[in-house]
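Okay, so subunit A shows up in both of these, paired with subunit B first and subunit C after.
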Partner chain A sequence: MADILDEIRAMDLKASWLNDWEFEVIVPKERIGSVLDYLKSRTFKGFMGLSCVDWIDEGKFELVYILQSYDLSLEAIVKTKIPRHRPVIESMNAIWKLCEVYEREMHEFFGIEFVGNPNLRPFFLENWLDTPPLRKDFDTLAFSEELFEFKEDETHGINPPERIE
Partner chain B sequence: MELTPLNESNDDYRYYELFIGPNHPGIEGNFSYILKMKGHTVAEATPDPGLLHRGFEKLMERRLWTQNLALIPRICVPEPDVNEVAYCMGIEHMAKIEVPKRAQYIRVIVLELARIASFLFGVSGLGGTTGHYTSAQWLIGDRDYILDLFEWLTGGRVYHIYQYPGGVKNDLPEGWLDKLSDFLDYMGKRLPEYDKFIFKNPIIQKRTVGLGYISADEAIENGLTGPNLRASGVIYDIRKAQPYLVYDELDFEIPKTGDGDAFSRILQRRLELGESIKILRQCIKQIPQGPYRTKVPNPFQFRVPKGSYYSKVESSRGEFGYYMVSDGDVKPYRVYVRGPSYSIGLYYATKALVGMRIEDVPVWIHTTDMCPPDFDR
Partner chain C sequence: MSEWTEIVDYFRGRSMWMLHYCTGCGAIELPPTMTSRWDMERFGITPMATPRQADILLITGYLAIKTLKRVIYTYEQMQPPKWVLGFGSCTINGGIYWDSYNVIERLDKYIPVDIYIAGCMPRPEAILDSFVKLKEMVQNGEAKGYEKYVKNYEWYKANQDKVLKRTKPVLERIEKVTKIG
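What follows is the complex of A and B.
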């Protein structure tokens, strides 16, 4: 079990155990495709999910690929960072076809461009023209105040005793 | 004058669009597939999520770590407890909180009861789609006994909000385990009836045997987990492979069906139900005395140390995961929810439904036990 981590470290990548079953690998953006391809060839065949973290102070998006090996009973968390002002990364749908839908979701909620993904049409949202909603600079309160009408006495909270009278 | 020919060469004539959902007895949740049909056969299936999207991941970033516990059970309606346990396990790992043995046993009891309730709910839906309504009534009726137990334990029937970082909110009430034992005896008597009534029933067999075959490689490649994966012959269960809580102290088997069709998927769930009853009986015997919760700081001051963790639980549908990031604040920085129905509902269905007849579509959906709220979260 430990040798898989040594192999990854030999590829000049940072890797560490999170617990007995899970390890994380930190990969530069340019090598993400080759690392995921390598892990797939090393029995990490299950693609469990793709997440994104918006590190707004750092000016980066962190993409998190979650992979599963059924033979080794291990979970690999592969992380890579891309610049926030120009979020472009290659699509992984050549390795896992299934990636297509996960990338489509991240494209919609974070505005990340996946080069090579043929299907980045709107998914969950309809007619969305605002900032991608899961970004940290999207203000949910301002959005709902603009979208929904509030009566003047309701904007700063309802006073229950007055209402009961 | 040239008129548009109304024959086979005109695609507009050959194909028509059919919405299955969002308000349809054959689909679960407020979710829909837009089917392109040719006669009775599906030519193309497009999932149309978003009607149920409540933006939980964003809402969680605006609430305290413990406040979110009231929010997340809503992510999966038929089996809400997996959310609470996975979320609490993530916090406990990052904040290095030890959970007492008794609390871990209580969590296993709650999870397994929820698994049984989820099975009863799922198969009753199958009864609805196959016209076998009596099974729907029976199973929903039996599920009510579990809801009664949950109501006594937690105060809530569907959403329990019972887990808390460090353990559970209350100890088991006096006499609760005896009632649970009575319920297990009752389920033990009911199982042969279910088998005769549902699984050996020619109507159910005719509708499900051979439908929607998934091979082992296909299942892995398409990211299926849980009973859907195991029914295709890949025997992988997180409870065995990467034991969490006290599953390594309990003796249970992973049943094998392995035919990969719709019938083996419901059969797999039925056999796992037997194992759940076995687990619960052991828990009743083995549960130790002691504290049920480790004290955690005041929720307004409760800061989870910097870091990230992917915590996961084997739900009745497969791997339910929470990827959580903390920046050391009183609120989570980011929470990502991996629902087990995501890959099958949004990706694999677009392939599997093609070529299927319209009456088989709801049966296929119910035998995969899809739960749209967990991807439309």
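What follows is the complex of A and C.
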């Protein structure tokens, strides 16, 4: 099914094969909704997941939507970049209701605002007041030292040679 | 120690019911410990479904902030005498999650631990070894973690509240990066 890629390229988008069963599409932020809608109409009905990559040097978050077509046995990886500072993007819950849960997770761990998602309540973390923890500028070691009082040389009074015997 | 407590401790050590808190990866070592290969029931230890009827709380591996709260609920529901076994290196010092934002480092700051089983993972032999050791300690009247918890409740409660009831950010927030406007 090479023609699906030609169709995507005709929409003025960058697309390339990663291997013989999956391809990636790079989409500007404004067109993400229409591209996902188009792919869904072209048999990519399965929404597999949404993840996020923190490109801290570039100052960008990259959102990765993974779709699957059961008819063509292909996987589509749709990527879009949004600014890292105060990140906002429209919610995809009108296309796949399932997106709501993934967006809730991304909201919690990266602090991304999904406009149109009614359900961005806290998800996994309990009573979280700090910077979202999976952002690369969040110092997990300093957090651990401060809250859990982690000490690197803590041996509970047992010296290493005794422990190894 | 009176003769009566000596007799009671002797029998307590021979019939212990265990509640295993299996949110960590150590849970996988328990089925062989319980079943015919290693068969922990020959020491009088058997799994129990509810905290109120259990004597031993076995914590297998790492505890996130969310699960720590449930462990404390569970521990406080158990009737004394009760004993806690910390299983795996995650309960001792965080293990491989030593710099994690969500995993506690030392279990004995939040509830009293009678025996730690070191290792990642400890083998079923190590678990049985700790059961035998705990049995000896109970029969000699040494395992008194639950009394320690009552006596030092303020200290334990302060440690628990520091993690569970945070009211302000742990690290200084330089700027608001997430909200719009």
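The rule is simple: the second predicted complex is superposed on the first by the 151 of 165 C-alpha atoms of A that agree within 3 Å, B and C clash if a C-alpha of one lies under 4 Å from a C-alpha of the other, contacts with A are read in each partner's own complex, and residues count from 1 in each chain.
We adopt the following convention: contacts are C-beta pairs under 8 Å (C-beta built on N, C-alpha and C of every residue); 3 or more make two chains touch, one makes a residue touch a chain.
For clarity, every value in this text was computed on a predicted model and none was experimentally measured.
By the touch criterion defined above, A:7 lies against neither subunit B nor subunit C after alignment on the C-alpha atoms of chain A. In the superposed model, A:113 makes contact with subunit C only, not with subunit B.
With both structures placed on the common chain, the touch criterion links A:90 to neither subunit B nor subunit C.
Once chain A of one complex is fitted onto chain A of the other, the partner contacts of A:130 are limited to subunit C, with no touch recorded for subunit B.
Once the two complexes are overlaid on the shared chain, A:143 sits against subunit C while remaining clear of subunit B.
Of the two partner chains placed by superposition, only subunit B is touched by A:45; subunit C is not.
The interface of subunit A with subunit B overlaps its interface with subunit C at residues 124-126, 133, 138, 140. Within the complex, the subunit A residues that touch subunit C are 84-88, 111-113, 124-127, 129-133, 135, 138-144, 146-150, 152, 154, 156, 163.
The touching residues of subunit B, counted against subunit A in their complex, run 49-50, 53, 55, 57-58, 62, 93, 220-223, 225, 234, 236, 241-242, 308-310, 312, 319, 321, 323, 325, 333-334, 336, 338, 342-343, 346-348, 376. By the touch criterion stated above, subunit C contacts subunit A in their complex at residues 65-66, 69, 92-94, 98-106, 109, 118, 162-171, 173, 177-180. Taken together, the subunit A residues at the contact with subunit B in this complex read 18-22, 24, 45-49, 51-54, 64, 66, 68, 70, 73, 75, 77, 96-98, 100-102, 123-126, 133-134, 138, 140.
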